[in-house]
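In the two complexes that follow, subunit A is the common piece, with subunit B as its partner first and subunit C second.
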Partner chain A sequence: MRIQGLLMAIPTIFFSFLLLYLVIWNLYFSFTNWSLLNPHPSFVGFQTYASLLYMEYFSISLSHSILLSVGTVVFGNLLGLLFASLLYFLGNEKMRSIYLSLLIYPLSISMAANSLIWLWLFNIHIGINWLLRLLHLPVPLWLSSPSTEFPSLMVVVIWAYAGLSLIFYLAAFMGVDKSLIEAARIDRANPLRILFRVLLPNSMNGFIVSSALLFLFSFRIFSPPYLLSGGPTNIFLQTSVVYMYYLFTTEYFAQASAVATIITAIATAVVIPYALYGIKRWMKHE
Partner chain B sequence: MVNVMAKGITKIYKSRRKEVVALDNVNIDIHSGESFGILGPSGAGKTTFMRIIAGLDIPTQGELYFNDELVATSNKLVVPPEDRNIGMVFQTWALYPNMTAYDNIAFPLRSLRMSKDEERKRINEVSEILGIAHVLNHYPRELSGGQQQRVALARALVKNPSILLLDEPFSNLDARIRDSARALVRRIQNELKITTITVSHDPADIFSIAERAGVIVHGKLVQVDKPSAIYSSPVTVEVARLIGDLVELNGRVEESNNKIYAVVDDFTFPINKVAANNVRLGIRLEDLKISDEVSLGDEWVFVGRARVKVSSYSSGLFRVTVVPPSNDNTEIVVMVDRPFDVGREVNLFVKSGKVLVFP
Partner chain C sequence: MSSKPGRVNPTVKAAIHQLVIIIFVVIWLIPIYAMVINGLKSNVAVYTTPVLIPPSSPTIEPFQAVWSSLSRPLLNSLILVLPVAFIATFLGSMAAYFFYMLSNSFSRVSSFVSNFLFSLISLATFIPYQATLIPLTKLIADMGLLNTYWGLAFAFFIFYMPTGALLMSIFITAIPPRIIEAARLDRGSDWRIFYKLVFPLSLPGFISTLIFNIIETWNNFFIPLMLTTTPNMRLIPVTVQSFTGGYATLYNETFAAAFIASMVPLGIFIFLGRYFIRGLIALGTGGKGV
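Moving on, here comes the complex of A and B:
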């Protein structure tokens, strides 16, 4: 039995070690001064990290990443919750699957394709603005103005990931004992009251897992900020991951490794305990 | 109070190619203030019937009336569940796990927009009656099964419902507290005179709570009567089996000395006149006796000599299985107050007039 268990764990152990090896390899280079100017790297301790702190780009891109993640967690959860409630109270089973497929469709499209689609939609002449102009509504400049550029990026990311949140909320709602809902109906509770007093308080697992994944996915996102900004150098849309890529392409290898290490550390610190807690709760619940 | 009348209620569940008839033309008139029991094996449609009364399911055909007001008809919900003023206790209690017992009981009142004082008064009143006043601040998971059930009952009663529905209300309780729970429900029903419908597969629930009962088998309502009347004269062998323990035998009808007997191997059971040649016999366990005596008085009729095959014990009585000497497979269970040695021959008696005969 023990041997069987050990055999089953071999793939997991192998890939865990591979991942760990890459992380440590990356960590090692973040402590060197390897760059185009220093082709023969030497160990410099925290000097590379210190140099990053003096770079304006680093703090700007990190604040973009954090803002994007927080925005996605907040609005992704709200949208997911809204859609999940609408689908839950939809009586028709067939319509529910149709709407569900439509709402989670963005998840199945590659992020690069998503970004290209939105690039056209944000075009000030033909996209959304064409429709707004027809309706005689004010037309924002979307990606063409520094003030609306970042909110436009958030719209794309939230649109793409709201479906993820929806799935977890809907799964959690479906897991709530049906007789609780029936009891609430018999007790004359309206759908809103059922949602906020019965469904939601008993769906905390859905909230935990959805928030953890939304944070993880939006914090490490690359394609939308890269494609919507037209390249890694647009300071208004640069996130930490894009900045890391920019440092790498310009052959600041040590600095790129240092940014990667910081991203990994933040993601690990925020997400792993959260996700583990959520999954554990969910499994205990079953 | 409300009387419930079902006219030709039929419920058909359609899946891809299959049609399942859950209820087949059920007609019933449950009187106002009556405690009515619905007995049936699991999957017979009794819970579907209760859900239709609650408005949680819609009948495929038929009409349902509360006090002559149509509440549901073929594929149409005329009055939705929230407007039927129903108190329901679910099989799993369905207590809201995120609320204290107090908030659980207050939940139906908050939909009524009642003042806080009035709410507190009514909750205190009902929890006093049900003996849960001291656990109102606890969450359901902190309560025992019996307390949870009483909280569920309090939640159903606090809004003064016109109908109380109990779905297998005791099946999740420990056997030792079931009887006190049954007594409590019966007492409250008696005091409040609410029309109460109890669904159960356990005849003990029906006997202890219901004034009248209906038996649903395979979606059909086959018998409606007092529980004791169903027990003593069930219409089919299934009904007999549902409402109590039964020894079942196949017998051949014979006539001698102007008396009719059903012969089972070496045993002869006195029965009333029947048209068939072969009959199915059902005998309640308390209507059989074994003894070393040759006669047990006029009330008991000698059936034949029997051999003790197994002797075991069950709740205060010895459970002895006897067989006729010529056939080891015709087993008859008898409850007696002392053990009998295996292999011994004894006399088997049956209470006169108590042999149930089914075609």
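Moving on, here comes the complex of A and C:
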């Protein structure tokens, strides 16, 4: 009986181990000097990593990636929480599901398509600035100014992923025992009080899932920084993933592998605690 | 009837509540609204009218212009994505059942194995898959599968089968262990228990996972970019990207191209969204149960 269960898991285990192989492959070649100039790589220890430290692009792109992810976690959670609260306290269930769909639809569209549309919306003459000007609101320069380029990228990513956070908070709120809410209502607690005293303390799962996914999804995002910048070498929008792709296209294979290994290590540092202490432990409570 | 001072009339309150939601919804809809209306503008109108103003004389010219270069990639995506997502989700569900049995047996070895496998499928789900670009391309090339459906399917399985297993592992916990225990005591084989009991009971979760996988696979840009070079094997997101090269080369066709690339995942989302949401809500309640 056990054997049959194991056999059923074989395909997934096979492909998972293949992934592990790819990760280890990267790790191995990150210790070589493989590039266009060195087609026969030899082992150079940490030299490739050391060379990255001298590359301005490396540290800038890494800090962009981290800033983008942290920003997405903070603003995504705040917006997701706000949306979830607004929808949770709607009396009408049908309306709730319609609004929910309208707020999470960006999750279903390819980031490449999203980015193309946002490029137009960020046009300072005929984009959203046209509307902002009509409303006498301040008009940012969006992608046309170095200081607003990165915030513009954040806007796109948060617009796309806030729905993720909304879903998990709303799911967590829906899971809170209805009798607790009823009891609070009988005590004439207002919605804000119910939110902070009853819903939030019981929504730890929502917070964990939402934060972890927002971080990981924004950390690996590629099309928006690539497309909004008009190329992989834009110093204001380059993220680690874009930088790695750039190293690959210019055939600095060992350096690309080293950046890939660093990206993987950061993602792993978030994924494994999240998997084991977040999802897995909460699954076991059953 | 006057309300007490300091207390807002409930009708007013409800109206403000609705208004706040509607403001956010309208903001969230701006990009899709822009995509639809600008796809119907002529080349001149796109450059001269504000993005948020609908066309005065709608035309389907941009759609006709992009169709010839997008029809084949669209077909490729359709042929590939649906079966790949289904197989990945189904085989992933089988693994989820195995992990479930493993984590409910209390030996130390199985707990170590289960933690290791669980970490691995989580990593496969969430890793920035671009990081595997060089070894993955090399692997598929060594197998002689560049520019083939099989090569793309194989690469997608590496990421989306573990995703299926991970999401299904979460959904399956909504099934009380006693039900499965009872079936095991009845000497049901694992396959039968899975097929007759676990799979039907977790069907909403399965559909939700399937939709997630379809949308992720469909929108995956990087893997087809690396593994296909011939125009005949291009998938849709890669082709869309070719409609831009930064500011200078944005045409009105970008809207039509974006629309064609988005219509399948959006359609799935619109028609199966209820399942999707119900499945995700089960995710919250399935995990709670403390």
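Remarks
Assume the second predicted complex is superposed on the first by the 279 of 286 C-alpha atoms of A that agree within 3 Å, B and C clash if a C-alpha of one lies under 4 Å from a C-alpha of the other, contacts with A are read in each partner's own complex, and residues count from 1 in each chain.
One rule holds in what follows: contacts are C-beta pairs under 8 Å (C-beta built on N, C-alpha and C of every residue); 3 or more make two chains touch, one makes a residue touch a chain.
Computed from a predicted model, the values in this text were never measured in an experiment.
Per the definitions stated earlier, placing subunit B and subunit C onto a shared subunit A by superposition produces no clash, and the two fit side by side. Once the two complexes are laid over each other on the shared chain, residue contacts for A:Ser147 go to neither subunit B nor subunit C. Comparing subunit B with subunit C, the partner in contact with more residues of subunit A is C. Of the two partner chains, subunit B is the only one touched by A:Val198; subunit C is not.
The angle formed at subunit A by the C-alpha centres of subunit B and subunit C is 70 degrees to the nearest 10. Once the two complexes are overlaid on the shared chain, A:Arg185 sits against subunit B while remaining clear of subunit C.
Between subunit B and subunit C the least C-alpha distance in the superposed model amounts to 10 Å.
Shared contact residues of subunit A with subunit B and subunit C: 202. Taken in their complex, subunit A has these residues touching subunit B: 177, 179-180, 182-190, 193, 197-198, 201-202. Interface of subunit A with subunit C (complex): residues 1-2, 4-6, 8-9, 11-13, 15-23, 25-26, 29, 83, 86-87, 89-91, 97, 99-103, 105-114, 116-121, 123, 126-128, 130-131, 159, 167-168, 170-176, 202, 205-206, 209, 212-213, 216, 219-220, 222-223, 227, 229-231, 241, 244-245, 248, 253, 256-257, 260-261, 263-264, 267-268, 270-272, 274-276, 279-280, 282-286. For subunit C in complex with subunit A, the residues that touch the partner chain are 14, 17, 20-21, 24-25, 28-32, 34-35, 38, 47-52, 91-92, 94-95, 97-99, 101, 103, 115, 117-136, 138-139, 157-159, 161-162, 164-166, 169-170, 173-174, 176-177, 184, 189-191, 194, 215, 218-219, 221-222, 236-238, 240-241, 243-247, 250, 254-255, 257-259, 261-262, 265-266, 268-270, 273-274, 277, 280-285, 287-290.
Here subunit B touches subunit A in the complex through residues 54-56, 81-84, 86-88, 90-92, 94, 96-99, 107-108, 111-112, 155, 159, going by the rule given at the top.
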